[in-house]
Amino acid sequence: MLYFENDYCEGAHESILKRLAETNMEKLPGYGGDKYCESAKDKIRKACGCPDGDVYFLVGGTQTNAVVIGSMLKRYEGVLAAATGHVSLHEAGAIEYTGHKVLALPQRDGKVSAGAVADYMETFYQDESHEHMVFPGMVYISHPTEYGTLYSKKELKELSAVCERYRLPLFLDGARLGYGLVSPDSDVTLEDIARYTSVFYIGGTKVGALCGEAVVFPKKAPAHFLTMMKQQGALLAKGRLTGIQFDTLFTDNLYMEISKNAIETAKILKKALTDKGYRLLLDTPTNQIFVILENRRMEQLRESVVFSFWEKYDENHTVVRFATSWATGREELEELIRLL
Amino acid sequence: MLYFENDYCEGAHESILKRLAETNMEKLPGYGGDKYCESAKDKIRKACGCPDGDVYFLVGGTQTNAVVIGSMLKRYEGVLAAATGHVSLHEAGAIEYTGHKVLALPQRDGKVSAGAVADYMETFYQDESHEHMVFPGMVYISHPTEYGTLYSKKELKELSAVCERYRLPLFLDGARLGYGLVSPDSDVTLEDIARYTSVFYIGGTKVGALCGEAVVFPKKAPAHFLTMMKQQGALLAKGRLTGIQFDTLFTDNLYMEISKNAIETAKILKKALTDKGYRLLLDTPTNQIFVILENRRMEQLRESVVFSFWEKYDENHTVVRFATSWATGREELEELIRLL
Amino acid sequence: MLYFENDYCEGAHESILKRLAETNMEKLPGYGGDKYCESAKDKIRKACGCPDGDVYFLVGGTQTNAVVIGSMLKRYEGVLAAATGHVSLHEAGAIEYTGHKVLALPQRDGKVSAGAVADYMETFYQDESHEHMVFPGMVYISHPTEYGTLYSKKELKELSAVCERYRLPLFLDGARLGYGLVSPDSDVTLEDIARYTSVFYIGGTKVGALCGEAVVFPKKAPAHFLTMMKQQGALLAKGRLTGIQFDTLFTDNLYMEISKNAIETAKILKKALTDKGYRLLLDTPTNQIFVILENRRMEQLRESVVFSFWEKYDENHTVVRFATSWATGREELEELIRLL
Amino acid sequence: MLYFENDYCEGAHESILKRLAETNMEKLPGYGGDKYCESAKDKIRKACGCPDGDVYFLVGGTQTNAVVIGSMLKRYEGVLAAATGHVSLHEAGAIEYTGHKVLALPQRDGKVSAGAVADYMETFYQDESHEHMVFPGMVYISHPTEYGTLYSKKELKELSAVCERYRLPLFLDGARLGYGLVSPDSDVTLEDIARYTSVFYIGGTKVGALCGEAVVFPKKAPAHFLTMMKQQGALLAKGRLTGIQFDTLFTDNLYMEISKNAIETAKILKKALTDKGYRLLLDTPTNQIFVILENRRMEQLRESVVFSFWEKYDENHTVVRFATSWATGREELEELIRLL
């Protein structure tokens, strides 16, 4: 059986396992106060060009979204997000569980525009009954998006400007950030992201770690962020587990290096698919490929390949997703291409 | 200045004030345990044809929606509602504050269809990742809707059937229920509503009361509903205030009788508007009239009439709302018509 | 049957009903934006000696506590309150429903001391793991307390000082404030309360109104307090209902005047009880009297008097509460005394 | 520097690291659907003697408490717990964040008794205003407790009986369960716990794992428990991380075997302390030792040993905690004893 279902079906990069083993019996303080967490934070701050920023490690993506959004919004505010955003659709209401509404923005290929944010804000404040409505309190974007697409530097800059104008923090969900950063189609660097956002996270779970997301506040974290992590059950007792992983990922540029494999294998797969006449839902520059399959063909393929159901396309067709990752092997890729 | 801003700009029907004064010094138990509440509940159960139902009195509409929805949903469920529904837009996130998501359904003129509910449910359960999504747990409709429109008996019946099929409670927000029931364009009775819904409320605030909404569970209220009212700050110490009002409104058919004035005056106003060449946003059978005004004309009118901004129509036009009520006088109506 | 069960078993003071009737058909804006609300707010600000303060009207006590506490605390904070406080025990978890913990303070006769607050704060910050605990974020007191007792001016001043030292807002629940202010045993004025607290409310429901509590922020309300009221279902559409009531209560000192009756009748009743050899749980200077009754005597009395069960005292005795109010008549008082 | 601060200052048992490395590149489904999770669940069910039970893996203790309690209580219910319980004091309000109150029970040495639960329930239902109070909806105990003490089989059985009588689920927090099970002073087995509770968890973080707690519902989990885990950000994408760890811990009795070291080293340390004249706060049968230190002695010791501040004892003394674990070495133990 071939696995192209997602980018988290393997364990961790071997350097991480090695480092966990080497440090295993060291006695370290809990809750993120250990030297590996400190070292990882320093390396991340450096990589992001924000020497005074705050960095925290959480365990998973939904948890991170819920903690960041729930700790930055005022209670009468909601978060603006693409109707297709992870926080809108696939987190089982984790944001609402913290008492906040997700306010849907129009999107294209998973992306929202500065114009859409500006329109929303203008319409909101023009509405004479806006005091009876949820105040838009921050903007959530994902990069790469749930559709594998990327914001350009120009788009990020514009979003940043509109957010600043309306004093909305801009939050970038980087669950797959590595894959976005190394895509040859991207002109956005980690430093750009730190410059244009109020908070973002560097995804580990999908990019070589066993678990873990590094939340970066380029300027300053909300007061008592650690307590709020605890309050949402997101504070790891053995903080070393995330600290050592990110320390390894941010040593010798490992995070970027291992991300490249996902992009290279995705590129080969995309070419093979189009060469063989498959229709893509959209052209994506990262590691997720959305293909429109005839239903019978889909069932056939399912016998030997695991991939994701995405959505119904029409009566006879379905959109499915193939994902590559830091760990996708060339052999399995070739085998998949043979099967297509 | 003329007031057509809404249907809650006067106090209460005089019979209510009279009854409050007559009973004022009687010593009564608190929290809805008094004889007037009991009497009002009996009359409402009778009017609804549900002798075994449960009735509770709350103070206002948003409060009622938040308590009913928050007490009927399981914590992993959300409420399906028209994107234009009051719970979706104009309750400052009261539903999300209880931890639940409002799931947007497509709507037409404020109404949702049985088909839209069925589509949502099918798509939801077909989605292989639906366990990572908010489960649809009930359906919210308003009747009349926020656009003044009405469900037909057939539409209600169909909604009821699809809700039953998917075991979704159907909740009808009747903030303006009186106006819907007496509209000549409606074939829906109070008994129909009790038959086709799991819970609904009979609006008092907008139909002759100082405050108060009567929640009716035609079959049975959730266990400990009173405690949940208390938990949300919705349990009135002097329950007599709502009990006496509803007892009066449900004596000698008063609720229906006073509702008629809103419909009659709205009908005259609609005719005058169209006669004078104004364009209506949609034709509504109840007491809210949505007119598309040229912006300058709107500013002019505002000098002598209070009405509601509804939404921007285009650069030069705005949709505004005129509302009549149980208390709208013929004289002020004629004066308004003269001004138009 | 005689009613001494509570202080909210009658309707409203007749001046209020009169004023509601007189203004009934005036057309007024909703949600508290009417002239009666404005006038009432001005009178209250004046009575409190805080011309720049903010005043809001809510409907009931639990609602007010939940909205004030839920809108002033940061999400990682809890509210310090006597273990016997209304918010701790008798609000069905309304505070916790907003996500906040009620942190129990030691109390005596329903009162907490500046010393108890200081101890709590010192212990909290000395605890090396306090970042894993709920931060104390405000102090809640009731005046009169649930036991009918009162803070002296000196005690209030000390509480205020300790709260200022630790930057804790001090919130005074004045559900029965009138009865506290006119007690001859009290040296605390409305102006003192405005001086020593960050927020308090003037109870209407228990002091002559049909419903309504006036929240006073002597300095400034939290931003968007109205939206947060809406979010908790506490914003009345017909704000006139509370505005007119408080405007009446704060005209010609009515609020204070009618409060006196409760104190005078309570004093007579207390004397009668002690004269007849009944044992009081504690000596209270306001309108609630706590008597320790032998159980059989209690059952006997219940045949002709309604009073409140308070708590079990021992196997053979029970503490019960008799309450007087602005509306307690001399005749019924004498009848009760005869029965004792 | 010697570390006796807690039982989570090392990494994982070497068998776990080995197993993680061996399985690292296997492609596995996410969210706990992999074969290692299945295998671990089977082994746990077997060890607990509940072949039809449900098992879920979460990441940490606070998270587990918040998810279990938040998913089992009805919204108007709170959880009964010792005032010293972890959920009461040291989870930053995680339970209240889910909307539920922690109802304090009297305790002794961290333990609550069946009698205390029965008293609470009787008093609650006797209170005529209990519908205005938080309904007690489940009982939380920890075993070992926060004070290192243990319930006897008899005590557990009695608690179970009283809980059954009042239909209260009994939830046992087993963050340190291994240390309780292997204590020679305990007569309680894993099967007993499965028999006498409605839900409990087997702590991994403090007993040899990098992270992870195994929640066991001996009969049946609440419907859609997985979705509620997701909703609280507690569903790990790479479920293998917890699955493989528990599969290893429940192979060849490893969990029990490694727990023994903590008990043996604690026993030696306790003897050394008492031999040297130190005063223990209480005699505990597990791996936590609470010593009353003279403050100057404490400061001295701190120069070479890391231990936990527990609480102030009096002006001149402090209670501190020494903890041993599965990983405590004999050499460091001897060094500590030399220093005492």
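Chains here go by letter, A, B, C and D, matching the order in which they are written, and residues are numbered from 1 within each.
Going forward, a contact is a pair of C-beta atoms (placed from the backbone, for glycine too) under 8 Å apart; a residue touches a chain by one contact, two chains touch by 3 or more.
Nothing here was measured: the structure is a model prediction, and the numbers come from that model.
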Original post:
Using direct touches as single steps, what is the fewest number of steps from chain A over to chain C?
Top reply: 1
Subject >> Path length in steps (a step moves to a chain that is touched) from chain A to chain D >> reply: 1
Original post:
Which chain pair is joined by more contacting C-beta pairs, B-C or C-D?
Top reply: B-C
**OP:** Measure off the straight-line distance from the CA centroid of chain B to the CA centroid of chain D, and report it in whole Å.
**Re:** 50
Original post:
Cα centroid separation between chain C and chain D, in whole Å?
Top reply: 41
Original post:
Cα centroid separation between chain B and chain C, in whole Å?
Top reply: 33
Subject >> Multi-partner residues of chain A (at least 2 other chains) >> reply: 75-76, 91-93, 97, 99, 131-132, 227-228, 230-231
**OP:** Would you tell me which residues of chain C are touching chain D in their complex?
**Re:** 75-76, 78, 89-93, 96-97, 99-102, 104, 123, 126-129, 131-134, 308-309, 311-312
Subject >> chain C-facing residues of chain B, complex >> reply: 1, 3, 5-6, 8-12, 14, 17, 20-21, 23-30, 59-67, 91-94, 97-98, 205-206, 210-211, 227-228, 230-238, 240-241, 306, 327
Subject >> Of chain A, residues touching chain C in the complex >> reply: 70-71, 74-76, 99, 131-132, 135, 224, 226-228, 230-231
